[in-house]
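Multiple structures are listed underneath, in structure tokens.
In what follows, subunit A forms one complex with subunit B and a second complex with subunit C.
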Partner chain A sequence: MSAAPAMATSGPGPGSQAAALEVDGLRVCYGGLPAVDDVSLRVEPGQVAALIGETSSGKSSLALGVARLLPSSAIVTGQVEIAGTDLAELPAREARRRRASLVGYIAQDAMAALNPVIPVGRQIAELFGVHRGMHRAEAGAQAVRELARVRIDRPERVARAYPHQLSGGMRQRVMIAMAMALSPPLLIADEPTTALDVSTQAEILGLVGQLQAETGSGILWITHDMGVVAELADVVAVMYAGRIVEQGPASDLFDHPMHPYTQGLLRTRRDLRTGRPGAPLYQIEGSPPALSAQRRGCAFAPRCARRTEICTERVPELMTQDQNLQAGNGPSGASPSRPLAAAASAPGNASAADPPSSRRPLGPAGTDLLTASWLAACHHPEVSS
Partner chain B sequence: MTAPAPNIEPEVQDGRRDAAPVLHFESVSKYYRGLAALDQVTLSLGRGRALGLVGESGSGKSTCVRLALGLERPTSGRLTFRGADYPRSRRRLRTLRREVGFVLQDPYDSLDPRMRLREIVSEPLRAQRLRGRDTDRLVAEMLRAVGLGDAPLDSYPARYSGGGRQRIAIARALITDPAVLICDEPTSSLDVSVQAQIVNLLLDAKRSRDLSLLFVSHDLDLIGRVADTLVVMYRGRVMESGPAELVRSRPRHPYTKSLHDAVPADHPARRKVSTPGPAGPRESAESAVLRESAAQAKLAVLAESAVLAESPVPPGPDCCVFASRCAAAQARCYAERPPTVTEADGRSHACFFPLAG
Partner chain C sequence: MARTLIRRIAFGVIAILGVAVLAFLLEFVVPGDPARAIAPRAQSAAVLENIRIQLHLNRPLIVQFADYFGELFRGNLGTSYVQRQSVTSLIMPRLATTGWLALAGVVAEVIIGGALGILSTLYARVRAVVAAVNLTLLSLPQFVVGLVLLLIFGFRLHMAPVTGGAGPAEIVLPALTLGLVGAPWYAQIVADQMADSLASPYVRTAVAKGLPDRYILWRHVLRNVLSPAITMIGMDLGAYLSGVVTVEVVFGWPGIGLLAVDSLQNLDRPVVMGTVIVGAVAVVAFNLIADVLRMYVDPRTREEPA
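Up next, the complex of A and B:
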């Protein structure tokens, strides 16, 4: 990837009532092996949806699949709409042109994503030249303004620099400037802070928070770090072995995770913070599974303490857990839900102040998209605190 | 874990452990092309203890590791192992390496994909010319100790996940029964759900083998959990050190505090950084370049690549290197180097205006 697929013709204008991103039944296969298996999710404008997962969970394949950036060897099925547009329905050339204005992509490795032999200012200016028909000088000036927008000091100088002359944090800012240059309705951030120092990470997270408040883009933020999720996300989807195993409003999910995997991740984190130095850490046994064609039952079952016979036989469906949550425990109230009702809460809707018991029960599953719906794919969901 | 023939002589009695460190840096500096990667660093690893080195890119953590492994020699200062200077001769250095095992960050890089487990794990023995008839037995024993009891000795590393590979690397590090194990970011390339397993394995080895750990990480939470003593480094200097719990909970140096503050929140209700405000943190081009190019450009390239920094002040001897990023900095911080002050509770810091702690 050279001059980053990032850009948009117009901001979230009047026509953007649609979700920033709506994914329905997405499947990504490499050589017959499903890396992403029937994933549905929705990101509202102005919302940060975090997708958390580890190696081979399929989170990056999902991101690339959504942006239609995967090589042709990957088989992508299912429906993806970005601000109401399905890129797959457009002819390749048209799709390429439109993608630029629909989705900004912030990669983990900015050094690899930026063109090493072109000054960063020109790389940004190129976007305005190609997609806005600006002249060279005009586009260059716009590029400098974009650099200033991501809080870079003396943007004129940075614009003339080559990527290798910038620090990691600066390069990541340049990537963000590029991704947001054309104000796309959707931003996909694929672990953009993983390679950075904590203080630089904190700066980048703060920056993205501010920019998003300014632009109102929807953000799909991919990460393996629960801390980044806590800092940024309105809603969270936890992925494991190609599927979403739990999703819901960020605060609630941190307070009362239901899937044993989510619980394990959060407990690992809590233990790191609060455990006594030198004492053994809480650990999840086993390791994430590799891609495999034939999978029986729940992918997490081999590592799960709550495993029973059914877990190894049937893949658990993603079900709404709101009733379950109210009942306090037990799988009794779970009912299948339409996946598109997924984790859709208005930004800020997910407030830690709401005690879970006072939560509005979900009507007929999926009817109210603004209800913070809570889903988990587990045969034995249990509320933990 | 069962230890093969322990060869660590109990030279010091338990009560005097800290008095006679296994590994000791005394005012060690290391310069690369005139730039200080380490600047008068003093640190001490006691027997059976865990010393945590924490800092960001370019802080000098990895230089400490290279010196401790005997891969490089300090420009000035003294480096001792069990009270004796690091040897100069290659032969004696090799003998010393028997006592210093290491586990590196990326198990995908550090294991040769063309070697079988048997060869990988027994490689230190071969290097030390200790390979005997029962090598296979020893290798199997080490693999069992790291939880890979049923791994075939003739398998290749490709067969194992990141966590599995890191276990193999630990088995390799422990096979000569070293006194010190140097862990350079041993879990940062692993999956979150696997990290704790590896840390527990290291803690377990530390306990059962009376091993001393030099644990290097940028993750303050993790390192505060593993180490007894923390050393916080910034641009080649020690900013603060002391008992891990104190340094973690009540930092004295503003840099340590800023590291703390940068660690993401543990709950969305307690966000630290991403509350949208009118004015954002502005990273000055100078500080960014200085901070990170040190690591990326391996310090030396700093001068050439500093297109953005008009005055890329190389860490001077006469100021606090953190001053330019410090909210509490005053004129004195730019004019003098803060001396290291040791306090009654065992902590020390190099700051003119320490926090209340």
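Up next, the complex of A and C:
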């Protein structure tokens, strides 16, 4: 396997070298409600980007939206480029043909994600049949090699097994083999270790690390497990209520979390590791807002220990570790504070609560997170299903 | 798997015996005197009494019961009161005739129902039409569907024979009747299973793998529909073999159902018992066959229960 950049040249983006994944302003709406709200992120070839957040923070919708795997009832807007290619711009047939070569998807529950009535070897082999034009025997032999590649003992035997006959760890290896079979430049792993016991989890993490070193794919690893993040991730994005609230290199984010939510997440983990026996664990008060909840201002504000009046009125800028920005709207410990630009109203928005005079704050990564725009986008999608 | 099979067969034998006992007892609840049915004009009490003695009808119920089941275990279904012929030799040709009709009926059901189910799942536009067709067919009794078909294709268009019989031309309308009346069940099960399957993570995986839609439909979705469909086919074959009475009466199809009706009217108890027992055997046998086939298409059902 050659070095990663070779793969990234398959579809050069305008002017720059293509990232494994480049997401710009992605929004996923279900019935007019945004599950993913204006998310932008970038995964370089050979990088593991972790996306962390609680259940229903929009992580999986983001993953499926990126791979264009959502049902047509979900409205997806924004731009997603995988190795320089935007699947949404291709004709349906072409997009289908190229998808598996561009992005491998590792699902959370391998038992459900594998067809129960087809032997797993066959399920891998059909990739080579359809995409590489291999004959049945040839594709079957290739599938056995793919199983060996994910360190499965006696791959010939496993290839003939049905999903229910394998252990959870084995099934997840099969999923990984399937996702990587066509050597895509991007892998999306949607909490692949959540259903596994701890030692199997460690094996899978080690395996993915090794395979990535071999192939140089970029990986978007979705999880709610800080331990997994620490183990694997180069960069981290923290998601809350459909938005990315903080992102940056993993080490920086662990050392200096800036957003109050990130700080809370890290504190829960630290307590687990170092807390005295019997001492109560730290927990973030309250629960995330429902998808249907009225949104004004910062979605985390109701749970934030440092909220001020301003929090309920506008959304803070995205926290990035590159810039030493202050977390959230409130005063924070040592980091130098910079007053936030006033929230702006989207043109044509009808909300009466908008401040009369407003400047448009430009987010660090070109992401201006406007309170009002999410509603407008969901109810007047540029792209309809 | 062998253990599962042996257990299923044992349960099947128990079920058949239960049905036989129940049928035997029920026959004595049915009012009427077989002797009078056999010799309606022989009014003399002595003649009737003589017939009763010949048929052992004068013995106590418990003795008749022991006699009958003793013979049954030796494979003897007895002799018809009316036709003076062994019940087995009466039933066997009828069973074959009904077998053809059952088979043709199930094939028609699967084709019509499967097509309706697949169409309504894949094309939202025909969904309402299919639902209406399903509801109509469900609410029509078999004899109405049969008579309508007979009127249109037999008497009006002269495309099908109307005289009764058991030839390849005569089988079309009764089979179509069974097919139309049974189709909604298959349409429903196919549509439900397909909807489940299409919404499942494994189909999402197949889509993520960039497989063509048609490939996903045939290899991934319909294989998962097969298993419940096979169960239903087995149940239907068994049920039809035990007597499609209405359809056989409407079309004059000389099968086991028609034999059962005639025998019941004549109070020909051994023949009625025979048809009931043969029907029970058919039901048990085809359910068992369906279970075995299901193990073949769905590997999850192969494992021994713990």
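Note that the second predicted complex is superposed on the first by the 300 of 385 C-alpha atoms of A that agree within 3 Å, B and C clash if a C-alpha of one lies under 4 Å from a C-alpha of the other, contacts with A are read in each partner's own complex, and residues count from 1 in each chain.
By our rule, a residue touches a chain if its C-beta (ideal position, glycine included) is under 8 Å from a C-beta of that chain, and two chains touch if they have at least 3 such contacts.
Note that the coordinates shown come from a computational prediction; the quantities given were computed from them, not determined experimentally.
Asker: May I ask you to decide whether A:Arg136 touches subunit B, subunit C, both, or neither, giving the answer as first, second, both or neither?
Answerer: Neither subunit B nor subunit C is touched by A:Arg136.
Asker: Answer with first, second, both or neither: which of subunit B and subunit C does A:Ser251 touch in the superposed model?
Answerer: A:Ser251 sits against subunit B, while subunit C stays out of touch.
Asker: Applying the touch criterion given at the start, work out whether A:His164 contacts subunit B, subunit C, both or neither, answering first, second, both or neither.
Answerer: Once the two structures are laid over each other on A, A:His164 reaches both partners.
Asker: Looking at the overlay, does A:Leu127 come into contact with subunit B only (first), subunit C only (second), both, or neither?
Answerer: It touches subunit C, and subunit B stays clear.
Asker: Looking at subunit A, does subunit B or subunit C touch a larger number of its residues?
Answerer: The larger set of subunit A residues in touch belongs to B.
Asker: Is A:Asp109 in contact with subunit B, with subunit C, with both, or with neither (first, second, both, neither)?
Answerer: second
Asker: Could you give the residue numbers on subunit A that contact subunit B in one complex and subunit C in the other?
Answerer: Looking at subunit A, the two contact sets intersect at 164-165.
Asker: Inside the complex, what are the residues of subunit A that reach subunit B?
Answerer: So the residues of subunit A touching subunit B come out as 54-55, 151-154, 157-158, 160-161, 164-170, 173, 197-203, 205-210, 212-213, 224-233, 250-251, 254-255, 261, 264-265, 268-273, 275, 277-278, 280-285, 287-288, 290, 303, 350, 352.
Asker: Can you list the residues on subunit A that touch subunit C in the complex?
Answerer: Against subunit C, the touching part of subunit A is residues 64, 67, 69, 96-101, 103-105, 107, 109, 112-118, 126-127, 130-131, 162, 164-165, 175, 178.
Asker: Can you tell me which positions in subunit B touch subunit A when the two form their complex?
Answerer: 50, 56-57, 161-164, 191-197, 199-200, 203-204, 218-222, 224-228, 244-245, 258-259, 261-277, 280-285, 288-289, 291-293, 296, 305, 307-308
Asker: Would you mind writing out the residues of subunit C in touch with subunit A in their complex?
Answerer: Subunit C reaches subunit A through residues 200-202, 204-212, 215, 219-220, 223-224, 227, 297-300.
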